[in-house]
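Same chain, two partners: chain A is paired with chain B first, then with chain C.
Right, the complex of A and B next:
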């Protein structure tokens, strides 16, 4: 129900505003619709995404803490666990029922105790440590595995682009 | 589909339509007026009638009213003449549309795209079915009857559309916390008006039923009851929502209330609809026509909907029963021990249910979660052993998606078998479910009393390596609940583990710890406002080193960032390391003060406050975003500068090779991505050449840099430690 979801989102928004984790900013795109958020994620340090600021959209279902939100990067980003259209593929964003890759335990999946903050932190750690075993972007996974230097160069370009430079 | 075809028709704009309607109406009126005057001024028995050019049927016409009632005569003429009737009908529509526009302007304002789409779909759907009803089921022949039915359905359709619009708008409004009161009042009063109109219509139906025929009554009544139900449903939901929003804290009964409202309304709606369609099918003697086919399809759909709803309700009841029998309500003592809020809704718990694993949740929150999954949300312990038995179908072992996954959890010493069966891939009505079987020696009920096994000891030791300042007993306590190192570490990181204050040395720490104690909003946030340097929740617990005065805090910072490598550490660190060009100490000092200002800005904004006004929140968020991008850009540029200078420095050591390297890698890059501007390549090679004679300068600069850095550390160590943690 939208009511409890709204309250919870409000609480999360408050927490993220007052106690923002390093390098993460998130909030509703427009207060008229609290179920559509934008997040800015800073590329983690000492990785090839260092220094970039990557915008992403989070779309919450109306039964929010029970079902996971969807997350999609709105910028170009070349990463094994991000689909070419920007959708993020990490296990905690998958509802316990569905298992697109076929080998996640339900312990890694979505549960209502997760939160936007945890999702974003997982995304940050995903950026620093791509998981090429469950690749969403096969090209990226291949490049990451076989041509690390090339991958890093591409990442550097996306960083530069994400900053609008 | 008719809808698609009709959508492509070039519909005239509202203005043209209205002006044409007015024109036709004027023409019709004029015609009627002329006819009436002509009729009255000439004696019907004279020979002049043909010369007047009156249509032949009018010649035999006698006006029912006298000379004084000119208007009624005109109406009478209009009713007789076919094209006049259609003109009148058209004008009625025109008025209806204008009325709709007016209501839209007053209540809804600009319609959103999805609302428009819904409206369109609903409209064409309605037109399609009612057309079938009038000409297929009722088999209306005479003009008068057609007009009457059209009038009825127009009015009804209009109200239906308004209800649909209200429903959409209500759902949309419920997505936002900051809706002005006036919007709610407008919408609610519209709904009340519709409701009143519905009752008026319904009483009209009763009148028809008593005077005309019962069948017609049944048709009309069913339609209006459906409308009434939908309207009432939106209203009830609305009121519940408003009440809930105005309420502080949780309304425990809310979910049940909403659920049963939904259930009752949906079931009645479906039942009435079903009866209505069945009546249509039987009434019309139309078994072998297109209309019957459409109605049968509709009947089938309604039947399945009904079934599905009942099935869901059964599941719901089962969950509730299961929950009530298996998980007792938490005692007051439990509640006191657990200082945390409900992890599902993040609200305080006045009453809660306790799972076998020891986690507490609100009754309603837990139920809605159990409806879709059967594990503890926090620790993922499987809660329902009956799940497997309840599946009537044997699992398909060879099925590609019914596979078994063994996920060993290295730290836990237990294996989880994970089964997933997606029935909907085979047949749409098959259920999908997943079952996780955890093999442990301990029964769920005994977990709390688990003896100190050596395994637990080992785990505790491992955790203590990470958190040396947390007493082992506390770790053990938590491990007994979580049975996983990762989860315990998580708990400690998020402050869910309460550390006895003995281990804390300084007052600053207790404060931090208390602010981290509840990982949730309010209390921690207050800590943050008064203390701009407070650590964000996922930081490490107070390490002994960070209790030492500020100058040494900075040295502790890298340690912390090491243990959490995925988090970018302070920007300030970066900036201090990146003052390559402005190597003069004074400049750097000036810059440091400037920087601490600029760093202070995002700090106050980030750790600042959470405004009550929506617009202020929005603008603050925007500012923060801009500041972040701005800072990232600055850092990036600085870094690039530094990189170029270090590249040039390395070029000094072996200028030829490095420049070749540069060229090669950049060349490859260009072919691969075609993104890197070529001027960088040029620049770096130029620099490489220049660097040979500026070797000394670079070294000196580096030394100077280090020195300034050290000084700056002393000056603003406090600040940076706050940032870097």
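Right, the complex of A and C next:
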């Protein structure tokens, strides 16, 4: 099982290196272990996260791509769909039926034809368009809804911190 | 289920993670105790699964015994229909070169059709390549044992199942107009496919069986064993029935359906 997962992860890594999507860098932390990746995600333009570079970890199960990986930001980030400890909570990281947030039925789910690239692109759109309907961080969702200026100010502080400023 | 009523309920804790972890444990137990595809069983062995009091099921096993020689079980992991279908069909192809050629051609062409429907080429190819590797085992090594090994190798067997799921999804999407009224809930055919067809472990219903037999143009028979009546009900899925030329409609193989599960039957 892990053999086909490894083959697939190596192919995905190669693909991401040859054709990197804008604003995303990702690959294994250590080429000896393809089941643990690090990703760097640039804050999307024209959003309060613009200019930031946010590091995250992806942990793949041995039956990947039948099951999805887990993803966790390793930096500080205040966002409705990211738990306070950094875990990312979006529908594509869950198979249908694994329903921690009660996503809408139309939300895109994990299936074996999805890929790391699809996940990272979904994370970029999550940064641009937080979903406060199924919030992992309730404080962040409230702030986003009721005090947009305050949310943007926190985001800008996060951006500066992500750059080590 | 009573977590909310429990005094120790901690709203900051993520119980979903615990539920998922528990599900994974159950899956592991099933995987450890059941082969993905079993060796052949006799009905004298199968009848022992039912208690003496269970007269209806015991009688139905006798009915099966009068018509079938053996049964091959599949793992109860939500993929049983696909695994039973795949194994039974490839096993039949071992002795049918003409049908094998026809299937090989359909299987080859299916990749571009699915890409045309919008499946991502990069990941689809991964599954198609493995699917073709397994299909070609009909030629080499060309033995039941070879197929048995492949279907019990998770890396091959599960990839094969994924591709059959994609074929079902492709057929449903290509013929969305004919299926949209048979889908539960206010869902589009595409939503149904991404929720109930493509993910591993999602069980199959009538609609999945109809789609797979039509997508691959294979007639099959299913024996339904439930608490109704005295004998099993045979039901033929015949993808050719709407065609004028229905010359070759003998079922390629027969599956046994017991509520929630499919196994393979071998006629006398």
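In this text, the second predicted complex is superposed on the first by the 161 of 165 C-alpha atoms of A that agree within 3 Å, B and C clash if a C-alpha of one lies under 4 Å from a C-alpha of the other, contacts with A are read in each partner's own complex, and residues count from 1 in each chain.
The working rule: a residue touches a chain if its C-beta (ideal position, glycine included) is under 8 Å from a C-beta of that chain, and two chains touch if they have at least 3 such contacts.
Since the structure is predicted, the reported quantities are computational estimates derived from the model, not experimental observations.
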Chain A as common anchor, with chain B and chain C clashing or fitting: clash
Partner chain(s) touched by A:59 [first = chain B, second = chain C, both, neither]: neither
Touching partner for A:160 - first (chain B), second (chain C), both, neither: first
Which of chain B and chain C A:113 touches, first, second, both or neither: both
First, second, both or neither for A:96, with chain B first and chain C second: both
First, second, both or neither for A:74, with chain B first and chain C second: neither
First (chain B), second (chain C), both or neither touched by A:4: both
Dominant toucher of chain A (residue count), chain B or chain C: B
Touched partner set for A:15, first chain B, second chain C, both or neither: both
Colliding region between chain B and chain C, picked from 3-11, 75-83, 93-101 or 237-245 after the shared-chain fit: 75-83
Touching both chain B and chain C, residues of chain A: 1, 3-4, 7-8, 11-12, 15, 63, 65-67, 95-99, 105-106, 111-113
Chain A-touching residues of chain C, taken from the complex the two chains share: 14, 16-17, 20, 23, 119-120, 122-124, 126-127, 130, 154-155, 158-159, 162, 166, 185, 187, 191, 194-196, 198-202
Residue numbers on chain B that touch chain A, as the complex places them: 171-172, 174-178, 240-241, 244-245, 254-255, 258, 343-347, 365, 368-369, 372-373, 375, 377-378, 380, 401, 403, 405, 407, 409, 416, 418, 420, 422, 432-434, 436, 520-522, 524-525, 528-529, 534, 536-538, 561, 565-569, 606-610, 614-615, 617-618, 620-621, 624-625, 628-629, 632-633, 635-637, 639, 665, 668-669, 672-673, 675-676
Partner chain B, residues of chain A touching it in the complex: 1-4, 6-8, 10-15, 17-23, 25, 27-28, 30-35, 38, 40, 42-46, 50-53, 62-63, 65-67, 95-99, 102-107, 111-113, 117, 121, 124-125, 128-129, 149-150, 153-154, 157, 159-161, 163-165
Chain A residues touching chain C - in the complex, by the definition given at the top: 1, 3-4, 7-8, 11-12, 15, 63, 65-67, 83, 95-100, 105-106, 108-115, 118
